[in-house]
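For reference, chains read A, B and C in written order, and residue numbers begin at 1 within each chain.
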Amino acid sequence: MSDLPPARNGLASGWGPGRIASLAVLLAAILAPVVLGSGYQLDLLSLVLINAMFLFALDLAYGQAGLAAVGHGAFLGIGTYVVGILAVKAGWPFWAAMPIAILVCAAAGLLMGLITLRLAGHYFVIASLALAIAVGLVVSAWQDLTGGALGLGLVPRPAGVGPVSFEAPSAFYWLLLAATLLVMLVCWSLRRSNVGTRLRSIRENPRLASALGVNIVLTRLLVLVISAALAGFAGAFQSTYLGFITPSVLASNVGFYALMALIIGGQRSFVGAVIGAAFFVLVPVLLQFSSALSPVFFGLALVVVILLAPDGVWGRLRALGRWVATRTRAARGGSSARLEPGQERSLP
Amino acid sequence: MELLAQQMANGIVLGSIYGLLAICLVLIFGVLDIPQFALGAMAMLGGYVVFLLGPIVGYWVSLLAAMVAIGALGAVVQRLVFAPLRKAADVTVFVAAFGLVLIFQGLALVIFGPDPRQVPPSISGSLVIGGVHIAYHRLVIVGVVLAVFLALQWVLRSTRAGRVIRAVGQSTTGAQVVGIPTGRVAFAVMILGSALAGLAGGLLAPISQAMPLAGDSLTINAFIVIILAGMGSIGGALVAAYIVGLVESLGATYLSQDFSQLYSILLMLIVLLVKPSGLFGKKVSRV
Amino acid sequence: MTEALTLRDVDRRFGGLKAVDSVSMTVSEGEIFGIIGPNGAGKTTLFNLISGNVSTMSGAIELYGRRIERMPVHRRARLGLGRTFQTSQLFAGVTVHENLEIAEVSSRRGVGGWLGSPTARRTVEAERVDLEAWDLADKGERLAGELTLFEQQRLALAMTLAAGARVLLLDEPSGGLVESEVHQLMELIRGIRDRGVTVLVIDHKMRLMMQLCDRIMVMALGAVITTGDPTEIAADARVRELYFGRAPVRGVERNERTGGPDPADAHTWRAGPTS
């Protein structure tokens, strides 16, 4: 892991390829409803946004804190069900239910962290997966509350705020976009804060980090709780997006698929997470002719990326961008190879 | 009383299958330190081998074929995926193994479709003792697993190959220092473990039928078993596997069918909290 | 004089091996305290016990009068215990600047230590002064892993101080350095001590230790042989015996080829129980 460049991507520094790409993606995202209209394609984009939110959250745990949170799908699912249950069974409006979803997920994250964080590597993976499976089982079996395998519906769209209504697909899409940007902002500030610095030290050299006074378990616990809360936030939106909720949102492979998407897109980068989310949503659509083929494709893509591009698609694109930049500078008889402050570093 | 005996018998059969996979994991995960999460999916493929070849060459030959085929698959996977990831972070290897699960399950789905396929048992009919029905094939499962366990135990304890494997399990660098070709040993152990996964799948197929998702719960339970047992001994793994099988089967009967997977998970969590090194483990594995 | 660090009957076994065997010692504030002994004597293990990387089996460790032997590593660090490691002592994949930033952030306490940002309190000026003091002024944006060994060594020292160390454990700081660098290192360590930091240092370079240390403790096979000032140590019969190998201590044998090492250059001596 430590062979990856540190988490200074486009947003943090200069007009590197990261920042340009981020702005281009943002502009395209804002204009999408205008271009695409409000049909199936916008629906898919909305799904990409929800997944991107979840991947931002997951990246905190995986990319930043180095936790192989294969059970993280549970938090997305819990958030989805909390809003679903409150809306359907108690008639709560979305805006009241969503904070509850965040709180419940934060508490669940705390619980999971307390149980699993003291365990070493592989044990953490298995324990978090087992907890996620347990949550899925309980939700399926607790039929009075969750509707069991039959599902739960209908979860309404969020109520309008003032004159703005979120019923129209494009308005709902813009709401999702705003939520996604909010999650991004939270993750970004966290990465820039002392917590982010501590996380970096733990990733780079845990022994030295603790010798300098970093409390590894507490730092990871904090990040796990925040990450779970954000996943719950994404789940709340998934709830109203789906409208009808089934236990499949808590399937044990949700977390695995998310990790896959994140690794393929490129961890520790917002653009990478968005690429991963788009990949995850769009591949099955593109492979529509045989639904069984998309897992095979996903699996192959994952293994190939892990073997050949551990920093993901976006990591490779950035490396390519840097390569082109150095070539053009060299062609202009450019300056020394020394790095300027904040400049992207080339990969080994 | 009859119900209890019946469920105990079922639990032991279930535990035998989990035990066989857990033994594979002790070899691949315990010795090689590879979290082979695709072992269940490989067992599932073994089931399909028996489904395809059984009617033509008979059950036993097809079971052997399953071991050979899945062993070969293990060799391919080791060469192409796990060996290149030797120096990668734990997490990376784990996720790569998950990629394999997707590939294997997806392929099974593409080739055989989602519907379960019937696989005839080794011996049809069942033994009846005092009202308890036990299919002969189930007895075969218990017997084969015990035989495999004893054979492996002998190999690990009393042969040179076994000593070499245990040396690698203790410390890869240590083994390298004394001149053991650890890469070749890893290759051999991976083939052996995979072949045993193929065996497990072939044994299980007649009772659970061959289907693409058959491996999921096997993998989870095998990992639960070795966490329960604590890494290191195949005997401990087998005992823990019987416990998990019994807990699952009795829980499903007397508590609730819906939660059958939950009981073993709870058991594992309790053990992890109380004794992180597992029931029979010595080394405490903590950050 | 204030006692900075005190050990009482500290024990650690690894299986049957007594790596640290009932060690007691007291280090005063502002002292440079040397620890020498053959390979495998238990010196690094002793540091690990003090810093918390290895847990004690019995005995007491006090830092400024406070019992620390049950505390996790990071809490001891926060109480002012700093250390360097024999190997991989830096965050090799990030810049020198970021290494110092991490060290500084890791010592911050309270809510600000979590919520604030690394640049919020540390001024560019302070950073510059720091880098210049360690002769790393033009290296700020280099990856720490790309520095020379001596530069890495200096950065490691700078980081322990940035993290607020009051008692510093240095494990073979001269390892891999050339003669002139060893000399500079010695000056740096003296400078650190002059800032009021207590220094414990393990090293095989006897000349360095003799010149640098106020007191030296000699260990062999986990136990303390003797403690004294450099002249006493140089004259001590048991120490000479140990280094000349006249009366081999279990497994410690004289180097037949060269007729035994020069006690003044014990770093050339490599015949411990483990090697």
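Rule of thumb we're sticking to: a contact is a pair of C-beta atoms (placed from the backbone, for glycine too) under 8 Å apart; a residue touches a chain by one contact, two chains touch by 3 or more.
Keep in mind it's a predicted model, so treat the numbers as computed, not measured.
Q: Common contacts of chain A and chain B?
A: A chain counts here if it touches both chain A and chain B, and no chain qualifies.
Q: Going by CA means, which chain is nearest the middle of everything shown?
A: Closest to the centre of all protein C-alpha atoms: chain A.
Q: Which chain lies the greatest distance away from chain C when centres are computed from Cα atoms alone?
A: Chain centre farthest from chain C's centre: B.
Q: What's the distance between the Cα centroids of chain A and chain B, rounded to whole Å?
A: Centres of chain A and chain B (C-alpha means) sit 33 Å apart.
Q: So the centre of each chain is just the mean of its C-alpha atoms; given that, what is the distance between chain B and chain C in Å?
A: Comparing mean C-alpha positions, chain C is 48 Å from chain B.
Q: Please compute the C-alpha centroid of chain A, do the same for chain C, then give the distance between them in whole Å.
A: Going by mean C-alpha positions, chain A sits 43 Å from chain C.
Q: Using the touch definition from the top, which residues of chain A touch two or more other chains?
A: Residues 216 of chain A touch two or more partner chains.
Q: So which stretches of chain C touch two or more other chains?
A: none
Q: Any idea which chain B residues touch chain A in the complex?
A: For chain B paired with chain A, touching residues are 29, 35, 81, 84-85, 88-92, 94-96, 98-107, 109-110, 216, 220, 223-224, 227, 256, 258-259, 261-262, 265-266, 268-269, 272-273, 276, 285-287.
Q: Please output the residues of chain A touching chain B within their complex, sorted ascending.
A: 1, 62, 66, 68, 70, 115, 117-123, 125-127, 129-131, 133-134, 137-138, 140-141, 216-217, 252, 256, 259-260, 263, 290, 292-300, 302-303, 306-307, 310
Q: Any idea which chain C residues touch chain A in the complex?
A: 51, 53, 72-75, 77-78, 82-83, 85, 88-94, 97-98, 101-103, 105-108, 112-118, 140-141, 143, 159-160, 163-164
Q: Mind listing the chain A positions that touch chain C in their complex?
A: 2-3, 5-6, 192-195, 197-198, 200-201, 204-205, 207-216, 222, 338-341, 345
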